[in-house]
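Below, each structure is written out as structure tokens.
You will see two complexes here that share chain A, one where it goes with chain B and one where it goes with chain C.
Showing the complex of A and B:
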């Protein structure tokens, strides 16, 4: 898709030329920068024509939230304020999105859990807001360290969940996220997760398009539900409100609504495939019997293990999941066809991704699934930890 | 867009229910020339509240009718609700309303108000919160007071029935000391939370405590609160709407109970900041109420 002249002429309120998502992500010339995940998020949001953002301090996402505030001060974001706590913030975000704003917020660990009641409310309200989750450990005991246990709590909230591996992916994903979430046939909230500190605080080289271009404005009137702005006829339930009526229709309405939210998440698949260039990314030997399935920075470490194994003459491959909700069942099955041993390295104690992978492949794959290594509480995942699992579980001399 | 959104496509008139037709034909919208909507309209105009599902004689239902009849610009008003008896009435309101969670009403309203101010800088859009005492004084206290601290331009109305009525009659922060309710089987041990005073301390420009015994008074207070919220700052109305069921009264005894309380726990309280007072004087001069 090429940028049309008419698109060139259309500016947003901060004077940026509004262009297609395809143009920003795939066509616009890019230059190299060196920045942290927090800094790159500012750059991404700067190019997203964001109407509203609400913030609250919690390590490690605070800096990202400050920087979005700076965008507001610079005139790029419509409205911005600090809320009272994460429960309040996520409700304020809901209010902004209901009233027709493209809305972004950020949180981490205990903040996510404090806000919890809001996430199913977000999806049930069909608002396409974006939460940037910079995952950290959950108390008690007190921790601020990287750990992605909190993601497991979000899996069944009805929100989409994408997982970025590094600074570059955070930039591209958080732009694509609005576009996919706002599709009228999707229109559910999206959580873009990264591992806190490892991505938020790590400086990496990153390729960015010019900041004089930005996404087109969000059109709330294309939404499947009317925005709460008194500009469209309100939903009418005057005769038979289903709320709190004890009858079959009220139960069926609620049940079908929940199914519909999950269906909407599934309807995001073709869009996500396009903008993320696939729901999974694969590196390594196509026909390898040793397969690592991971997301986020764990997939980076798995790629290191793949390199080490290659040096030893042992074939392996890494399947990096980029979307967790929707879960890429088909892609995972296809990518693990050759697998005899699947390893799921994770940054949490419960192994939520292992459970997801095991359930997804149940009765479909003969491979032995090993939910290790698991590191947590801020511990790092040295490549040796991954290799040790391989050597303990695979008789590599037999030509795995 | 204003009242146009309530106009029915002529092609569909023959299949529309009567109450929808009435909204177009006989409701009082400000932009249709009803500059001074009010209680008197209740006698012969279409109400914005359709038949409701509350108990017979419920003062809360009456109070909501007074409030909806008195909204200065219903076609540009968004009402944010919380969980409780009021959430049973909300689906019957013809305006844009929101129910999202129990207690988060002022947070949601803050987001809506700020976004509407951003999206429609040249329009007046009123955001009104309407929630019970549990939602306002207990579970949502933080979000209510924080919205006052932040000076959100919204009007918050607490329908205080001094009890968690919808869940079956449990003590709330708003219950009077000594009252026996569920979860306080020996009687409540602490005083009724003086929310109207907390509102003042927290920075509202206008705070009134009253009962719903006098409809015109409720209407006047509502108008003042909305006019002040448009220009000056947050406003708060603490309105006694007793739960006749939970305090053992008959359907025709709600008014009597409110009149009793006009002299007791709900004796008049009114705070108007000097800026709000000056603004209201100006509004009166301009004939706005």
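Showing the complex of A and C:
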């Protein structure tokens, strides 16, 4: 095997040669496989020199947590244990990461909410752990079906959020995610989201590099905070006057701290642009007036709508957002400059992406933004549903 | 008390929300401009040599002898202070100090403006401070004081400082001292 980009062939504990992220993502030869999203995630984590994984492997979220456990049994993951519940898991992830371990976990749906307090704590402690979110609905009666409502709850946690469309993107993103999250000037948690079931349980073709290579180890000394120190904030959380005092300087510090976490997310932009090859991916006619803005599998369905419209001689394009936090404001504005009609198809009832897009383009774009179709609770999004929105809102005879 | 900075009492807008990010490798940042490292070093030396009560704030990474690099850097920082005619006030830990800090003997990321106000510091270098705490402090300083701040960083730099140079290891600090000596001579200080 030729490895142009490796300075020396250093091995990790499982005997894999540690190589650069660029080599794994862009240079290493790949072979074709046919796998579910959960299986692909196992393959990705196998190549990440993961120190620790904690899970609450509730069925029927996905097999991902179980499969990472298998990786531990096979000797690829440093340590693996089960938490008592999702809150416990996310707290234990924080403990591992604060101690300097590259740490991963997976969750979805109501489990995400049970663990919720931990996510802003993760970002406030500047730990570069990764959560793979295989999104599913949150509602009563309990659903186990595809729906990404929980992403709306995660938007303001201070964590980065990337969104993968398919198993291939899940593989590549979840490897790049560690690298970007661990950059010293970024160093905040990252949530890599996919639509559960549509991606986690569906078998697709995926191109994988050899499994005898893996990411270089995480270096906790190249971090913006010293590894675990319980005597200073943020380690010294609840018994410290920093938290408890009601005075101006305490408020100023809290404000600065929160801005710093959000600044760190913004600093990820150049790195994300490199490893994701852009914060947005565009398909279709460059000068189209009909534009679909979507993420995840909704963007796949939007691409199907684009194909159908092309057959009818109607120009359209799809702007797929690959990062939600940081939100790609500049890229979205540039990609929609020709738009007169913007459609935001989504797999949830609240339209969180529609709100993000509308807010981002407010007073900058004259396009009419239609936050539909919205499907939820496990409903699929047939291309006809997207086309119906187009024909109800656009007079195509007038040359849209 | 010094004048307030442009962002007044709130540490917003922070630099990233003004579109500023840390400089790329091999570059430095002066206010909003990306420049060559040597250009930044000359300007930092000039500001430090011409500002009232110029001060260096060394952090834990150079105050404790945890590595050979730390020892080398610490020795060089003492020399840097002499060359720049600067005072030295340490940021020896990051714990908030209550009921109050002593601003004559320390600076702390949680109340850095108190030290700057008390000592009327018009230019300062942060060095050896872990990035997160430097950034928390720099945002408060940026908003609440008129101090010209410099982030001399071993990692990626600090966009909330007025000037920042990145990847600064012992040999880079030595290079800065050499440049500062030249500037000092030019200024006749």
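As a working rule, the second predicted complex is superposed on the first by the 374 of 400 C-alpha atoms of A that agree within 3 Å, B and C clash if a C-alpha of one lies under 4 Å from a C-alpha of the other, contacts with A are read in each partner's own complex, and residues count from 1 in each chain.
One rule holds in what follows: a contact is a pair of C-beta atoms (placed from the backbone, for glycine too) under 8 Å apart; a residue touches a chain by one contact, two chains touch by 3 or more.
Just so we're clear, the structure is a prediction, and the values are computed from it rather than from any experiment.
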Open item on the list: A:183 in the overlay: touching chain B, chain C, both, or neither? Say first, second, both or neither.
Closed with: second
Open item on the list: Under the stated touch criterion, which partner chain does A:282 make contact with: chain B (first), chain C (second), both, or neither?
Closed with: neither
TODO: Considering only the touch criterion stated at the top, classify A:113 as touching first (chain B), second (chain C), both, or neither.
DONE: neither
Task: First (chain B), second (chain C), both or neither touched by A:383 - done: neither
Open item on the list: Applying the document's definition of touch, where does A:267 land relative to chain B and chain C: first, second, both, or neither?
Closed with: second
Task: Superposition-derived comparison: chain B or chain C, residues of chain A touched - done: B
Open item on the list: One more residue to check, A:222. First (chain B), second (chain C), both or neither?
Closed with: second
Open item on the list: With both complexes superposed on chain A, which partner does A:233 reach: first (chain B), second (chain C), both or neither?
Closed with: both
TODO: Touching chain B in one complex and chain C in the other: list those residues of chain A.
DONE: 226, 231-233, 236, 241-242
Open item on the list: Can you tell me which positions in chain A touch chain C when the two form their complex?
Closed with: 126, 183-185, 187, 222-226, 231-233, 236, 240-242, 245, 249-250, 252-253, 255-257, 259-260, 262-263, 266-267, 269-270
- [ ] Would you tell me which residues of chain C are touching chain A in their complex?
- [x] 9-12, 14-17, 21-22, 24, 60, 93-96, 98, 109-111, 113-114, 130-133, 135-137, 139-140, 144, 155-157, 159-160
- [ ] Could you pull out which chain A residues touch chain B in their complex?
- [x] 51-52, 54, 78-79, 81, 83-85, 87-89, 91-101, 103, 117-118, 121, 125, 226, 228-234, 236-239, 241-244
TODO: Write out the stretch or stretches of chain B touching chain A in their complex.
DONE: 1-2, 5-6, 17, 19-20, 50, 53, 75-78, 80, 87-88, 90-92, 94-101, 104, 107-120, 125, 142-143, 146, 150
